[in-house]
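Both of the next two complexes hold subunit A, though its partner changes from subunit B to subunit C.
The block that comes next holds the complex of A and B.
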């Protein structure tokens, strides 16, 4: 078991290397010369060529491509991702600053989503083929088909514009740093994201519960005279096992959802940073974001493998 | 997808009753089951209306979706402009229909590419097993957790946004879904007698793959394809909304919503953001309903 995890770890590092080479190559393919962009256009023509040449040497662009990549990759390993073209801040610093709000948003949405999904899934499995089950499954299909940004617009329209009970954007009112104000601003974006989480997980919980409830041990528990609640808890515990790995694999998708929701609620997270960088073609920030996404996907995949073996004793002891 | 199973037993009895012309052919049986499923039937009608509107609408509409009269900007719906006009006086209905063309074209082409590639890779992977299968399965696992929206932000940020890029990225991230399904079906098919027989008779691998395996895989994969179309339409809307997809002046449902996200438009000009939003929602929901209906209709195991 340890050996197979080790193989996966090594292959993940290999995949990361391939992605890093890919991103590096992509930036080199991109239109425009970064050295040329650094020098003001209105510099005198004779001096300008010299300045561009100087900038090229400073950026290391006169060296052969493999050397450039080695230099770039070694600074990357040390956490140095270069400087943003537009804000001139170090990219690693920008990523670190933006991580907090995004994690807060995604984390709250995951928690709220699971709090809705687990009971909804359990009850629709127990009350299978009833009106309750039908309503839950229709609601989750609708929730999966509605684009999050459209839902967010509807939410802003109803709660911020018409009813005026919730703020339409941002993380704080200016000058108010209290936690209650933060929570107040979190409600709408978290609800939009949590609905998507709940919709997909209700289905997983429901099908997991249906599978478990049909097994013999449940019948044995009921035959022993245990309360139905107790039997349900046993089934729930076992049906949550595959859910844990699904959850880990879904995290990158939720980051994508958060990027969109951040954009519409002007939430100062990573998504907003990436979209701003996209509009001004800020290569270092975009590359940094791309590497971050790559690491997230690979770590979540590894996490899913590890959790799978940790949570399910049959897998742990089988090899 | 998890909709309650229909009460199959009485239906089976009615369906299997031989008609005057003998037994009903399985294709017509499936069609009948499909049309009896209310969700699927309504979904098919809505989808048909959407497709007709985006294919023929722009031909009939008297307005150019990309050119507006600045003096008629942000007019509410009227007899002339059924859905009003946008910030630079373009007819909103013409834009919704033209935008739908772009969104649906991207969705269908991406899904088609993904399904073709995924079916072939999945079938071969399931057939050959061994190391190649292990590597392909691992690639499938990883790609399945890569969100297209984030990849497109990175690609558009470096290379610039473009429609072909969207299609390529969607197709290359969506194929694993159909590959996984195809692989699963092939794993069970390869053990069945007719495949074994073909093998014993000395049929070449390619012949077995295209004659025996791919036809067996297709029904499941076609159902999966509808989900891929829905996925691609939703992702296209999201990236165009973020400014990384279809670029103005060309309309797409996503970038029309991007134009409308300011609080003034949101609060006082609902005709600018409700129609494209509802169009995405209706298209995705009806595509998913049709997919579910097809799955239930051709799933003979459910009846047997």
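The block that comes next holds the complex of A and C.
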């Protein structure tokens, strides 16, 4: 098993490098000139083109593309993602600063969403075709149909503006960096995001459970005198196997797609940074963000492989 | 299994909290502060850094107004206000400007302020290694060409006879110099004692400007969390008393800003015309407005659309109705790119809306009705999004086949550079009292990318009239020349001028002393006088 994991790890590094090369090319194919975007359009009458050229030279964009690639790639191999064109800060530092808030927000929402989704899905399957099942299914469909940005605005209106029980945006009140204040600010955005997670995964868990509950081994367990709860646990464990695959695909897309909610809640995460970088064609930050998403996909897939061995002993023994 | 699952969940949350705690510096909303007074203002954009040598627009410029100061500023009534210069004189021939500086003042770190700081700032601005867009404002200062060519590192025409006096000598009459250096956050004076050891070639990207903690402004920056907040405390060495102890600048979407105005978390926000009615209904919030020096226009690619076509297309737009419906009347119709009142003649053509006349004009001009045209715009600004829909409908109704094309800012610039575009929106305006600032987007020599003339309008008679006006010292003498230039531009329809929206501000009733600046780039100019409570 260790050998197969090592092989996956090595192949992941290869995939990462291929993605990195592709990203470099794709970003530079986008229309627009970063040096042009850095000089305000009517700020320097008569000399603007000189300033743009100067910026281009400072950023190394005047060099031939293969040279730019060679410089960038050699830095990447050394773990250096370069400097932002607009803030002049190291990109790895910027990514590190933004990673925490994004992981905190999205990770909390994911955990809360799963805590809701798993029991809701299980009971929905157990109480199949009852009023309870109908309510859960209906709520899931409605929650899936409502865009997160609308829920966010609704949440702000109801809980921050009308009821005034939660803050409307941000990570902290000014001058208060305490954990309790952070948790207070997390409640609304996490609830908004968790609802979408819960709605989506409730349906996965429900269908997985329905499939498992109809199999012979569950009847055998019950026939052997096990309690219904124990039978349910067996079914749940097996129903989680496909969920691991879904999660592995879901998490990267989820973390990369935080843009809108982060913007609404003024949450200083990766999404905000990526949007700003795209607007001004900040190549190092855009590629840095792209590589972050690539790493997420690769790591999540690797974790999924490991988790398979935990939730499905057949995988472990077959390897 | 259950234990492992639970432990995993706990570990994930704990790790995330730990990670966030290690990396974030955030703070956003403001708690009622029992001790020092505090106020929270919204920034309509997200600042990246506060390099006063590089930027003069947007949220960065606004923030710089709070932490730095310039020699002269423009007041809400568009007259000059002494700042670090208490007075100034121009010689009769317009070749020399002398500035008398405030005496006995200190930087926020307690070091003395003197003419050496002013000299360092202007020399750094002129230095080509720094790459300051403002360097063009010093082009007529004696010695500029030598600095530009690298033969000298300082402007020979810039001297300091004593610690409180600065003299500029020019190669030609420069009556507009005062207006050029008084614009918003332009040419903010920087601390020589902090920056003189920094490499000029690196000043444009110097990390010091990511958290500039030394300035002459009413506030000192203590923390900057990108995309979230800027924290400021009052500068105890400021040249007058400062009314609010702490100021927090937040970066919120307009919807959240509106919500925070309602909850009392926000004390000041610029309001988009589309949100005006919603904000006017909020309790404890006051809405004020002032005429803006900025205006919205359609830039037609002048190389594709000659003057008669531009005249016709402008005639096909019902601008009065747009003002009424989109801005609730809070905008002024303009027929010139000049906004300085004394430089605009009263008999400009008005291009009043007349669809059938516009169609006839287009036919007479040989306009190709069979061709499909594109109107590029960067979406996201409510008033522009609404205007483009109406304008395209009006053009389509007279047979002009034009369709909207959403682009981002970088693509828009690329299309302007390649001249591939047909029409696009352009904002901005004349943020100084000097009509010469309009030349940045009108004169032949400023055709993009050399300057901001993105429509590629080029008229030799216009340039000649403007050049003559620029070198005329007395306003009474230059006014007729500027009016002649404005008339040519109005006749040519250099740009399809739409309107001049008023700047609308929403303030909490707790914020006292606020005066609405039409020039939104200057709104914090008087922030030291504001109080809260």
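Definition applied: the second predicted complex is superposed on the first by the 252 of 319 C-alpha atoms of A that agree within 3 Å, B and C clash if a C-alpha of one lies under 4 Å from a C-alpha of the other, contacts with A are read in each partner's own complex, and residues count from 1 in each chain.
Going forward, a residue touches a chain if its C-beta (ideal position, glycine included) is under 8 Å from a C-beta of that chain, and two chains touch if they have at least 3 such contacts.
In this text the structure is predicted, and so the values were computed from the model without any measurement.
K.L.:
When the two structures are laid over each other on chain A, which of subunit B and subunit C touches more residues of subunit A?
P.N.:
C
K.L.:
Now for A:266: first (subunit B), second (subunit C), both, or neither, which partner does it touch?
P.N.:
So A:266 only meets subunit C here.
K.L.:
Applying the document's definition of touch, where does A:286 land relative to subunit B and subunit C: first, second, both, or neither?
P.N.:
In the superposition, A:286 touches subunit B alone.
K.L.:
Identify the partner contact of A:27: answer first if only subunit B is touched, second if only subunit C is, both if each is, neither if none is.
P.N.:
A:27 contacts subunit B only, not subunit C.
K.L.:
Between subunit B (first) and subunit C (second), which does A:225 come into contact with in this model arrangement: first, second, both, or neither?
P.N.:
Neither partner.
K.L.:
Is A:66 contacted by the first partner subunit B, the second partner subunit C, both or neither?
P.N.:
In the superposed model, A:66 contacts neither subunit B nor subunit C.
K.L.:
Applying the touch criterion given at the start, work out whether A:141 contacts subunit B, subunit C, both or neither, answering first, second, both or neither.
P.N.:
first
K.L.:
So, A:172: does it touch subunit B (first), subunit C (second), both, or neither?
P.N.:
After superposing on A, A:172 lies in contact with subunit C but is clear of subunit B.
K.L.:
Check whether A:156 is in contact with subunit B, with subunit C, with both or with neither, and answer first, second, both or neither.
P.N.:
Both: A:156 reaches subunit B and subunit C.
K.L.:
Both subunit B and subunit C touch subunit A; at which residues?
P.N.:
In the superposed arrangement, which is not itself an observed complex, subunit A uses residues 30-31, 153, 156-157, 161, 168-169, 263-264, 278-279, 281 for both subunit B and subunit C.
K.L.:
Can you name the residues of subunit B that touch subunit A in the complex?
P.N.:
So the residues of subunit B touching subunit A come out as 1-5, 138, 141-142, 144-151, 153-160, 230, 234, 237-238, 241-244, 254, 257, 260-261, 263, 266-267, 270, 273, 277, 280-281, 284-285, 288-289.
K.L.:
Name, in rising order, each residue of subunit A that touches subunit B in their complex.
P.N.:
Going by the criterion above, the answer is residues 11, 15, 23, 26-27, 29-31, 128-129, 133-134, 137-138, 140-142, 144-150, 153-154, 156-157, 161, 168-169, 203, 206-207, 249-250, 252-253, 255-256, 259-260, 263-264, 274-275, 277-279, 281-283, 286-287, 289-290, 293, 297-298, 300-301.
K.L.:
Contact residues on subunit A for subunit C in the complex?
P.N.:
Where subunit A meets subunit C, its residues are 30-34, 36-37, 39-52, 54-55, 58, 83, 86-89, 94, 96-101, 103-104, 107-108, 111, 114-115, 153, 156-157, 160-161, 164, 167-177, 179, 182, 185, 237, 263-268, 272-273, 276, 278-281, 310.
K.L.:
Can you list the subunit C residues touching subunit A in their complex?
P.N.:
Residues in contact with subunit A: 1, 4, 9, 12-13, 15-17, 19-31, 33, 38, 40, 46, 48-49, 55-57, 128, 131, 133-136, 139, 204-207, 210, 225-229, 231, 246, 248, 250-253, 255-256, 259-260, 262-263, 265, 408-411, 413-415, 417, 428, 439-441, 443, 445-446, 448-452, 454.
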